Amino acid sequence: MTEIISETGTPSERETGRLEAFSDGVFAIAITLLALELKVPHFESGSDVTPAALASGLARQWPSYFAFFTSFFTVLVMWVHHHAIFRLVWRSDVTLLFANGFLLMLVTVVPFPTALVAEYLRTPAASAACTFYAGFFVLVSIGFWVLLWAAFRKSVVNPHASAAKIEHLRRSYRLGPPLYLAATVAGLFSPWLAMGICSALWMVWAVTTRDD
Amino acid sequence: MTEIISETGTPSERETGRLEAFSDGVFAIAITLLALELKVPHFESGSDVTPAALASGLARQWPSYFAFFTSFFTVLVMWVHHHAIFRLVWRSDVTLLFANGFLLMLVTVVPFPTALVAEYLRTPAASAACTFYAGFFVLVSIGFWVLLWAAFRKSVVNPHASAAKIEHLRRSYRLGPPLYLAATVAGLFSPWLAMGICSALWMVWAVTTRDD
Amino acid sequence: MTEIISETGTPSERETGRLEAFSDGVFAIAITLLALELKVPHFESGSDVTPAALASGLARQWPSYFAFFTSFFTVLVMWVHHHAIFRLVWRSDVTLLFANGFLLMLVTVVPFPTALVAEYLRTPAASAACTFYAGFFVLVSIGFWVLLWAAFRKSVVNPHASAAKIEHLRRSYRLGPPLYLAATVAGLFSPWLAMGICSALWMVWAVTTRDD
Amino acid sequence: MTEIISETGTPSERETGRLEAFSDGVFAIAITLLALELKVPHFESGSDVTPAALASGLARQWPSYFAFFTSFFTVLVMWVHHHAIFRLVWRSDVTLLFANGFLLMLVTVVPFPTALVAEYLRTPAASAACTFYAGFFVLVSIGFWVLLWAAFRKSVVNPHASAAKIEHLRRSYRLGPPLYLAATVAGLFSPWLAMGICSALWMVWAVTTRDD
């Protein structure tokens, strides 16, 4: 489509449009697949199937709901920030393509640590599951850090992009790796503390998102 | 893409385009994943596999078909209305982003109560399953109510949007929460009444959708 | 996006763009989900796992590959024709929305009869599976027939659309329901004849697709 | 949307936009579905569930992580190249449509050989799994070769497309089939050699991707 609209644009400018659309597609699919982890409760024998048993089976699955909820909003905030970054990008090159690809790979994997927490949060293995979850987001925050570096190189960034906005984005992501690392270490001792930090983090990022 | 088209647009206007595209992606994926609940019938022993047995196995799965059908058109109507709302929105901000995110979260979850009804509609636990289904749509209608509030704030709504259209949308959603609540209460006594109300509701909303 | 581009367009014209994008999303997801039916072969006991056993396990799954292949290209041809129809549509209204929604519902269901054929083609229940498959496409061809009627009503069709093109599309779909019905009846006697007709049909439609 | 933008464009030009968007959708979904192969480890008995056991269960799954990683970046590079090809295409016709459809079919199937390698890489059947994986990419590289032929026919290629760019793309794909064939043969003797060649190939293609 862009091909037709902006015949005067350089190929690199056009690349950004399709890169963003592709990234949005991956974000949209990954965020929707999270809900596949919500499983219908099953019963061993047919005679156990009563309304009360089903209701309590649904209630016992709260770790699934909690993990789904946390991951959904974390990915949503990631999408918002991904968008904020690309609004300041003018061109695309191979480096940006693969920095973005690395982040998208991590986005598609989010349902995996989410399912792990959903399944093991109420078991003795909760600490391993939550440490893995938080540790995975250390990787995600490093992925964002790499994307910020790749996106704000002089050769691709929009020359008219406000330096203040770039600095704002850089600053808010500088805290990601150490905070998720703290959550990872916390997970070794207290699974709930790890999940609490992870939940707090998406809320902080959501609230500090700028409107413009 | 929009970046190139409307260089004169403010960043906030451009945000709406990508927000809608992302929302459409989530709606399209969630509505397609509903069909994953349609499962091929299996047989305990190989000697049971006859054409008649397979045909009757397919026929016995009618609760799946019914739940799929109801949920598919409910999500389709939700998509139509989501679109109708965003046509009147001019800007995007954090509040709208998260009001929309909350609704999208509910959209991605629709396959879960659908699978629950599909599996338990013919069992003694049908009332719990249908109460959960209707109760979930109470949440959805609250989500729409919150989105309407967020979308029609003065700071984001299109100043040229027709007040009559806004009022029409508001009015049609005001009835959502109490009607789904009635279906939820009905589900405690009669699963079929709950599902009947839910089916009637998407039909009413479909028929009362305005063309423009 | 379109909101910004064509401020002079009526809301109904703009609707078509988002309707097509949404439909394309559903087609793209449904066609991709078909591949989920390709399952890795499993072995009862660990000592059975040899290269030769795995190779033969993969080879024995040919009904899956055949069903996947047939359904993939059938959906691809459907997408091409869906596109051809919407190129001639100017406006959107509630009738078109739900005629299109009904067809999309059938598109999302395609993986279900496909999985059925994949699982039962080599069993004594093959005739039931293939009859169901062909019968499902009777429904699909009726869905297309309804869409053609809805799309080419005077109030929504592009007034400059070539009458010859409309007639070409109408004519090619008039044959759908009787031919798939013949395949359905054939399936009761010979599963392979049913699948052969279904395979021949997407090829015929592919070849007779016009370029313009 | 394009319908509104480029009223002067011929229908065939418009086709390319929707063809690309559809292809991007399929790429985005297929690449995201790869992560569904990452499975939460399960334990036979409840008393086995300790943090150490879960950690070691996660570690033992490294073949899944490796297969996922290789396939993710292979598909990402395929998407980049698909895009590079279509930037040079001006029109669409039935031949291009089905050459592209054949490649998309292969893209949707990538999760299948990936799951096969993930499950059998640590078993005695590794050679069969890795031969199948590499053999599948022989098919993919033939698919690309057919697409290149279809895309660069005089009737559809952009007449202003740089002959050097076309030659660059052609040359880089000429090596695909023989190299993947070598990996396939290697797989019969050494599964790791096959996977090593497949990994090396996406890296080479990534590095040799041109920016413009």
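Each chain gets a letter, A, B, C and D, in the order it is written, and its residues are counted from 1.
We adopt the following convention: a residue touches a chain if its C-beta (ideal position, glycine included) is under 8 Å from a C-beta of that chain, and two chains touch if they have at least 3 such contacts.
Note that the structure is a prediction, hence the values are computed from the model and not measured.
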Numbering shared by both copies at the subunit D-subunit C contact, with half separating same from different: different
Centre distance in Å when subunit B and subunit C are each reduced to the mean of their C-alpha atoms: 24
Junction residues of subunit D, two or more chains touched: 1, 5, 14, 21, 25, 29, 33, 36
Chain contact graph, described as a line, ring, star, complete graph or other shape: ring
Residues on subunit B engaged by subunit A in the complex (per definition of touch): 1, 3-5, 11-12, 14-15, 18, 21-22, 25-26, 29-30, 33, 36, 92-94, 97-98, 101, 104-105, 108-109, 111-112, 115-116, 119-120, 123-129, 132
Footprint of subunit C on subunit B - complex, ascending: 1-2, 5-6, 9, 13-14, 16-17, 20-21, 24-25, 27-29, 31-36, 38, 40, 46, 49-55, 58, 68-69, 72-73, 76, 79-80, 83, 87, 206-207, 209, 211-212
